[in-house]
Amino acid sequence: MTFTAQQIADFLKGEIVGNPDVEVDNFAKIEEGKPRTIAFLSNPKYTHYIYETKADIVLVNRDFTPDKPVSATLIKVPDAYAALAALLELANSLAPVKKGIEEMSFVSPSAKLGENVYVGAFAYIGEQVEIGRDAKIYPQAYIGDNVKIGNNVTIYAGVKIYHGCVIGDNCILHAGAVIGADGFGFSKQEGIYHKIPQIGNVVLEEEVEVGANTTIDRAVMGSTIIRKGVKLDNLIQIAHNCEIGRNTVMAAQVGIAGSAKLGEGCVLGGQVGIGGHITIGSHSQIGAQSGIISNTPEGSEVMGSPAYPVKNFFKSSIIIPKLPDMYRQLNALEKEIRELKKQLS
Amino acid sequence: MTFTAQQIADFLKGEIVGNPDVEVDNFAKIEEGKPRTIAFLSNPKYTHYIYETKADIVLVNRDFTPDKPVSATLIKVPDAYAALAALLELANSLAPVKKGIEEMSFVSPSAKLGENVYVGAFAYIGEQVEIGRDAKIYPQAYIGDNVKIGNNVTIYAGVKIYHGCVIGDNCILHAGAVIGADGFGFSKQEGIYHKIPQIGNVVLEEEVEVGANTTIDRAVMGSTIIRKGVKLDNLIQIAHNCEIGRNTVMAAQVGIAGSAKLGEGCVLGGQVGIGGHITIGSHSQIGAQSGIISNTPEGSEVMGSPAYPVKNFFKSSIIIPKLPDMYRQLNALEKEIRELKKQLS
Amino acid sequence: MTFTAQQIADFLKGEIVGNPDVEVDNFAKIEEGKPRTIAFLSNPKYTHYIYETKADIVLVNRDFTPDKPVSATLIKVPDAYAALAALLELANSLAPVKKGIEEMSFVSPSAKLGENVYVGAFAYIGEQVEIGRDAKIYPQAYIGDNVKIGNNVTIYAGVKIYHGCVIGDNCILHAGAVIGADGFGFSKQEGIYHKIPQIGNVVLEEEVEVGANTTIDRAVMGSTIIRKGVKLDNLIQIAHNCEIGRNTVMAAQVGIAGSAKLGEGCVLGGQVGIGGHITIGSHSQIGAQSGIISNTPEGSEVMGSPAYPVKNFFKSSIIIPKLPDMYRQLNALEKEIRELKKQLS
């Protein structure tokens, strides 16, 4: 698809500086700009690229004024990043949409599919499943018995949803995600672990996104709950009976142990671990690779394993490489003091 | 399914305190108890919930005596948690069981299936595969050529088992687990890595449970061995030629490098890493996020990366945030000593 | 398959010490050697096993001379490990090769398949896909629309490749790997995260190996690029817009955040985390569980979270368990100095 600067500026209600007739047909990062692409400049630290980019159009913030000549046509908008997102959204909406029930899929006669649902080949829709309108079930997805899936949900290839789980409207589940596998619950008797049946389920509220190969276990009883607007990156583990508050986001490879409760609006860096039965207050920020072993009050900013306030973390991290020197210094001082004491007595 | 307190007490051989005719049809945690549910009280720290729970029945330990009136009917048993497990087991056993070979599955003519095996749609059973009686192969599972699967094994949707692997009786493999992918073995020549073919296999002994999206690599030669009763949570990595001793359990996202040998009855917290060729003694307990880079004697309790005794770990962890202060303090003392020496000379 | 020592020595151009007619039909580690197996001795620390191994043949380096009698037949070669790899390669090449298009696969009429391609049952090949000659697409793999796959690529069971990605010649993708899922990109407005469409792709150059359940996200725009010869172990996360340099290798469970750039020939231990937009110089070595939060120059050898030079890391790690003692010692010294000062004044 080809668009002129004029068409894009009209769509974004932006102001053109340069040639309104220049055409683009793809996006690029400003530092990788090529002819016939549109780039954007939002972070001031990338400003210098605008003078050398080969992109034909650059979206800039309204207050940007170049110091030097710029060969690209500029489109000035209130927020260049948001404008880019809107354009990407537009580009995305023009992509062909999968529709219909492909042959070689398995749909249980007792399943109820809403209007306009896509079911890919080799997808498996179990008994009594309910799927809302405009949902897309890609090939090789597995929807266990009695699962309920809302409207406009996207289930990518190979997602597995165990029986009885509930997926809210507009959720997106990426390939390989596993929803509702058994929680890790055993009773130990004479050194041998006996399985505790896990008869609960997983509930994803609306607008949840689940990354590729992320796993969310079913509750032992009741539900593991992922609240509205939560975004989970790839390869995350959410154990049984956790509850993740609204609009909390987690980077890849985070692990949350059983029955932990996270508040709203938290941000977890990659590879964070949260202990079992821990409560994390809303709007907490937890640095990458942190380990949380005690309850954390609202608005905490912590890092480390075990975690402590992030400001102290970076200060202590500077000292850690100096520890061998400190150790020698400390022992040298002890010696000196002993000698001073000798001299004095 | 509805049960009265009397029916449940009879099944558990427990003693009723309250109304024997009250009916329940679901389980709940005591703090989330609703009418028509049964809860349990085992951990004394939850005792206060028993006076306010809306659950109609609560399982309690025989020695429990309420301080205040309790609206729920109590059932007294020797071990409330074990009794709950027995009830969950009962509830689970009443769930419908998948049976038969679904159409649109692929079963090689040379495969041998035991009595009463379930094969879901889009499951793939390769050449010369042997599957024991009562095994369940869920949809989209892949069983490579020459794999042997024991009796009463459950292979959930989308599990992939490469050729030649062996799965013992009563094992449970959760969705997305990958058994027998190539170990990560390369020889480096002039900066380029050349693949070492991995011609061994993976052997799971009896009663092993493997979590969702966990990966266990095949041996370069010989077998990667997971002994009887091992329980692995989700997203764990077991590299080639490892041997995991009986009844060892690992929380999610643990990674075990090549040729490591773990003893019996070990407990590994989440996100632990074990180095290659390491030996871990039986009954070791390794705290979450630990990194093990040297052999660990039997009965070790360690934590940290690299790991050291867990008691020291928590003591040192308290000091780490104080390091910047210690650093300043140390340098101040050095200065003072220098001045004292000056004064003395 | 059975081979004599003579046949093996001829193939390897090695020299026999012992019985040239002894026959083997399998491989073994020297410490697990059994009759009719061939083992190898490369690492001097295993030398003592050669005097007790039950293997009938042992590959040894040309300069090896036993101190005591050895019952096995020795084959002397320039490099015992490389010779083993060559034999494993030979054994592997004799295994039966999958061929043809299995029924119950889905191949879009617009897809172009090269000569001699294998497509397993329940594999899904989307529109306009191009697959080179000798490629193997195992059962239940998903190849999205417009994907391009080179010659001699192996895609194991259940791999998912999203639309528009490119897989170079001779790549190997293990079961459950997900290539091209959406990058984790959102714009936050009033506490709510809005998805940024991810319209780029993933490009794997030639000879890349991707481990089981590893995930590589598509770029927001442009490409996430994995250069020639990169080897990725299992359960690794590569975020959107990363670029991984030639012949870089990563152990399991590494996580690379968005837009990070790694140079050539780097080696990353297990569970390493690399922050977003970080640059790692070529030939860097990063110890297991390290966290990288700043750019790292070429040839760095670092460890820790946050990482610092590996030599210092091990020295500091020895001190950390002594911190409580140091803390007490420091405070005791401070007290003593105060008393000394009192005495002096």
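First chain written, first letter: the chains are A, B and C, and each begins at residue 1.
Just so it is clear, contacts are C-beta pairs under 8 Å (C-beta built on N, C-alpha and C of every residue); 3 or more make two chains touch, one makes a residue touch a chain.
Note that the coordinates shown come from a computational prediction; the quantities given were computed from them, not determined experimentally.
Peer 1: Given that subunit B is a copy of subunit C, what angle of rotation, in degrees and a multiple of 5, matches their CA positions?
Peer 2: For the C-alpha superposition of subunit B onto subunit C, the angle is 120 degrees.
Peer 1: Do subunit A and subunit B face each other with the same patch, meaning over half of the contact numbers show up on both, or with different patches?
Peer 2: Result for this pair: different.
Peer 1: If you average the Cα atoms of subunit A and of subunit B to get two centres, how far apart are those centres in Å?
Peer 2: That pair's centroid distance is 25 Å.
Peer 1: Using the touch definition from the top, which residues of subunit A touch two or more other chains?
Peer 2: If we look for residues of subunit A contacting two or more partner chains, we find 104, 122, 140, 158, 176, 213, 235, 253, 271, 289, 305, 320, 323, 326, 330, 333, 337, 340, 344.
Peer 1: Can you check the complex and tell me which residues of subunit B touch subunit C?
Peer 2: Residues in contact with subunit C: 104, 106, 122, 124, 140, 142, 144, 158, 160, 162, 176, 178, 181-182, 184, 186-187, 189, 191-197, 199, 213, 215, 217, 220-222, 235, 237, 239, 241, 253, 255, 257, 271, 273, 275, 289, 291, 293, 304-306, 308-309, 312-313, 315-316, 318-320, 322-323, 326, 329-330, 333, 336-337, 340, 343-344.
Peer 1: Sort out for me which residues of subunit A touch subunit C in the complex.
Peer 2: Subunit A residues touching subunit C: 26-29, 32, 81-82, 84-85, 88-89, 91-92, 102, 104, 120-122, 138-140, 156-158, 172, 174-176, 209, 211-213, 229, 231, 233-235, 247, 249, 251-253, 265, 270-271, 288-289, 305, 317, 320-321, 323-324, 326-327, 330, 333-334, 337, 340-341, 344.
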